[in-house]
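In what comes next, chain A is part of two complexes: it sits with chain B in the first one and with chain C in the second one.
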Partner chain A sequence: MSVEVKQLGVSIADKRIVQNVDLHIGDGERVGLIGSSGSGKSMISKAMFGLLPTNAQISGSVMLGDTQIIGADETVLASLRGRYVGAVFQNPASSLNPVLAVGKQIELPLKLHYDLDKADRQARVAAMLEKVGLDETTAQKYPSELSGGQQQRVGIATALITSPRLIIADEPTTALDSITQRQIVDLLVSLVDKAGASMLFITHDFSVLARATTRCYVLDNGQIIEFGDTSDLLNNPQNGQTKKLVGAARELTLQRKRDSDD
Partner chain B sequence: MTERQTLLTGRGISRVFGKGKERQTALDGVDVEVCAGECLALIGGSGSGKSTLMRILLGLDQPTSGTVTFEGEPVDGKKSAGYQALRRESSLVFQSPFTSLDPRWTVVKSVSEPLEIQRKRHSKTDGLDIGQKVREALSLVGLNPDEFLNRYPADLSGGQAQRVAIARALVTDPKLIVADEPMSAIDVAARLQILEAFAAIRKSRPETAIIMISHDLGVVQHIADRIVVLHDGKVVESGSTDDVLNRPKAAYTRELVEAASL
Partner chain C sequence: MTSKDECSTTDTNQASRESTNMSQDIVSSVGNSVIQPSGKVFKSTKARSSNKLTVVLRSIWQRGEGKFALIVLALWVAVSLVSLVWTPQSLWATDGYHVWAKPSAAHWLGTDGTGADVFSWLMAGARTNLFIAILAVVFAGALGILLMGAMVSRNSALSNVSVVAVDALISIPTALIALILAVPMGASVAVIIIACGIGYGLNLARIARPQALLAANSDYVASSLSYGASGFSVMLHHILPNAMPTIMVQLSLSAGTAVLAESGLTYLGVGVPSGVPSWGHSLATSVKFINVYPLTVLWPGLIVTVVVVALNVFGDVLRDAIDPVTNPELREV
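Right, the complex of A and B next:
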């Protein structure tokens, strides 16, 4: 599903949080949104879900496919969320329900959006668990019994079970260690590509950006300051603020000596 | 290996949680040692035992077997000489500055509190100009005292708040600073400033030892002299930063290094 954001502006109590944002995601495209804390990244993802705070003044347009999200009726939004638009959040420990078995959480969106019998739903949950690399016994477990990486796999399974056409992943790897980070990014990319869905990947980490996206937008102080191919942007940033961010990311990426490369 | 004095030693540290079927070995025969003036990085993924080891080394938890000594004195229960000295001579920096700083306290109150406590309990701070020490500590971490002394945590960015937490940790001139994932909650650009703050501490307090607990090799490459890699409760590798990052021996370290490189 394509996304077309035009001149999006969000203000809360007369404070401008996001302004003049234009952003395009083509059908089946993986696009990144990067910026430091407080730059307005999460506000843009909330706008796509129609989840902006009720006291926010909103201007501009957010089209998901043919549907206008800004000002849309709650029933329209409810039929999109979890069905055509899936979300993967930063902290799986707080986004999963701690008192619901994993299999039941993954099944829930199916129950809400599809007319399937129980056996059919459970078969789909089992197939989904396998796709995200968890064994079938995981369905009976509770989130607290899983590692952070396993929890995020459950988060991905829950987001993808309804075959959504757009995945919004808001810092899905920030809470994970580097090995697990890479596994989760690679898993998300392969599943999104196989499904032919589009993805908005929000992060402040340039090293995962290159693996997760082909194009990206840089946000600073609520405005898009640069956009383009992810590799161009990482190798040849134009804007001063982008240069600063990319420079910091390079500095903090492990520099290995040549002789250890093979 | 060094003529520097050994500050903190853990020998054969094991920690088992639970009994019977629930029995879990969090640490299994870990040897670790930190010398005065050294920066040691404790590296490992989630669940590797890093935090358990930290708690034991600080005397906050008792090992199932093994011993901890601080300046040659055993750290064995709250009455022990080693524990008392360790409490006096060590400070901690936590992952999230906004949960470790009191939101109702100004910067000057948070940073001077450890000195006020010392003044009450010990004679160490007799005649000491606390205001001056606080200004020095803030300057050292790159925060202008005139600008920051009277701010509240809510008026600080994540990177600034973490540097206030670091100033608070170093204001008592401790022999040991333990930092538990001090950068993982901070965005990339601000991480560099935190690294600079630690570098400044190392320069101005050459006798202070730092233990940095992290899963991020990109961060520790800039600051650590030595690295201990923990995996499933065991030390799988330890050595100089150069050796561990450029010539990793253990399969797990190789995987970590691989995942952290672009």
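Right, the complex of A and C next:
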């Protein structure tokens, strides 16, 4: 599903958080949104779900396919969420209900959007668990019995079980270690591509960005300061702020290499 | 969006084709034990327990104080049921020549001031108290959960109003509610049930709110909203299960307090009307003579104390037993 964001502005209590954001995601395209903490990344993703806080003032337009999200009716939004748009969240440990078995949590979106009997739903949950690389006994487990990486796989399974056409991944790897990060990004990319869905990948990590996306937008202080092909942008940043971000990421990577060489 | 609909239908077709293979696997492995791909053999939970209730009861039974609570509560229910069809003596068989009699073969716990059998009255009282405790808890639970939901609602007008309302109403003592209700209704069992239901319901909402609020503001609720869950679905699947341990403890404490309230309100003359057997009634009719016939006060007092302690202990053990985080056995159901 394509996304067309035009002149999006969000302000809360007269403080402008996002302004004049133009963003385009083509059908089946994986696009990144990168920026430092507090740059307004999550606000943009919330705007796409129509889940901004009630006291937020919103201007501009967000089109998902041919549906306008800004000012849309709650019933329209509820039918879009989960069915056409799925989300993967930052912190897998807190994104899962601690007192509900994992299988039941993956099953909930199916229950909401499809008219299936219980056996059919459970079979789909088992198939989905296999797709994200977990064995079917995981369905009976509770989140506290899983590792961070396994929890995020459950998060991905929950987002993809209804086969949505757009996945919004809001820093899905930030809470994971670097090896698990790579596995989760690769899993997400392969599943999204296989389903032919589009993805908006939000992160502040350039190495993850290069792996997950083909095109990206750089957000600073609520405004898009640069956009283009991900590899071009990483190799040859134009904007001063982007240069700083890329430079800092590179230094960190070099530092990490030096540490591991010692 | 029609073209996209078709697109996702093919996806789901594929999924269902995969799922048929899956379900065959599941069907073939139904038996006493399920052999996992890793080669491990898991004991089928069906062999030991069929449902969550059995597991919870077993977990409670495994603890000493839980055993005590279960035995007392089971005895309470059993005696209440038996009293419906049989008591050692008729409740109305009074004997003017043998008032305040000592315990004997005919009157196991002696007789009261009218010469009626104390043991029979206490047996019959058990059912009145059980009835009051159950209905008060059901009423308090329904009201409390409803108010708790309103207090953590995403609709800020509703949540603000309900928080203020609960905080204001909670300051009215339960006894005062009962006294007010007794004006139009007179002394009756309904007065106790309604007063306790309102009072304990407000308490429950106030006490469960922090837990519910934690769940309502959690990432997993944000996640379920992002896949289109309604407020009701969030309440049912996320907020209520997370607040349940707190709610269960509070409700079993409320059951104990309802038994105490019955005694207190009956003594004040706004509870169980005279002629209806209850532990409070047995206490109220004999308490004036405590210096002369201490035994007649001791029996109902002892029963009330033991039952209230059992209910309080039960809540404590139940809390650990129904939480899958603290009770690993529950995860295997």
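Methods note: the second predicted complex is superposed on the first by the 253 of 262 C-alpha atoms of A that agree within 3 Å, B and C clash if a C-alpha of one lies under 4 Å from a C-alpha of the other, contacts with A are read in each partner's own complex, and residues count from 1 in each chain.
Following the convention adopted for this analysis, a residue touches a chain if its C-beta (ideal position, glycine included) is under 8 Å from a C-beta of that chain, and two chains touch if they have at least 3 such contacts.
It should be emphasised that the depicted structure is a prediction, and the values quoted were computed from it without experimental measurement.
Chemist: With the two complexes overlaid on their shared chain, look at chain A and say whether chain B and chain C clash or fit.
Modeler: fit
Chemist: If you stack the two complexes on chain A, which partner ends up touching A:R215: first (chain B), second (chain C), both, or neither?
Modeler: A:R215 contacts neither chain B nor chain C.
Chemist: If we overlay the two complexes on their shared chain A, which of chain B and chain C does A:A159 touch? Say first, second, both or neither.
Modeler: second
Chemist: Tell me which partner touches more residues of chain A in the superposed arrangement, chain B or chain C.
Modeler: C
Chemist: Is A:D205 in contact with chain B, with chain C, with both, or with neither (first, second, both, neither)?
Modeler: Once the two structures are laid over each other on A, A:D205 reaches chain B alone.
Chemist: Kindly classify A:A248 by the partners it touches after superposition: chain B alone (first), chain C alone (second), both, or neither?
Modeler: first
Chemist: In the overlaid three-chain picture, which partner chain does A:R30 touch, first (chain B) or second (chain C), both, or neither?
Modeler: neither
Chemist: Using C-alpha centres in the superposed arrangement, which angle lies between chain B and chain C as seen from chain A, in steps of 10 degrees?
Modeler: Reported to the nearest 10, the angle reads 80 degrees.
Chemist: Quick one: classify A:R182 as touching chain B (first), chain C (second), both or neither.
Modeler: first
Chemist: Rounded to the nearest angstrom, what is the minimum C-alpha distance from chain B to chain C in the superposition?
Modeler: 10
Chemist: Going by the contact rule at the top, pick out the chain C residues touching chain A in the complex.
Modeler: 1, 4, 7-8, 11-12, 15-16, 18-20, 22-23, 26, 36-38, 42, 154, 156, 218-220, 222-230, 233, 237-238, 241-242, 244, 323-325, 331-332
Chemist: Per the contact definition, I'd like the list of chain A residues that touch chain C in the complex.
Modeler: Within the complex, chain A contacts chain C at residues 1, 49, 51, 54, 65-67, 78-87, 89-91, 94-101, 105, 108-109, 112-114, 119-120, 123-124, 126-128, 135-137, 140-142, 144-145, 155, 158-159, 162-163, 165, 195-196.
Chemist: Would you pull the chain A residues touching chain B in the complex into a rising list?
Modeler: Touching chain B from chain A are residues 36-38, 147-149, 174, 176-182, 204-207, 210, 244-245, 248-249, 251-257, 259-260.
Chemist: List the residues on chain B that touch chain A in their complex, please.
Modeler: Of all residues in chain B, those touching chain A are 44-47, 157-158, 184, 186-192, 215-219, 221-222, 245-248, 255-257, 259-262.
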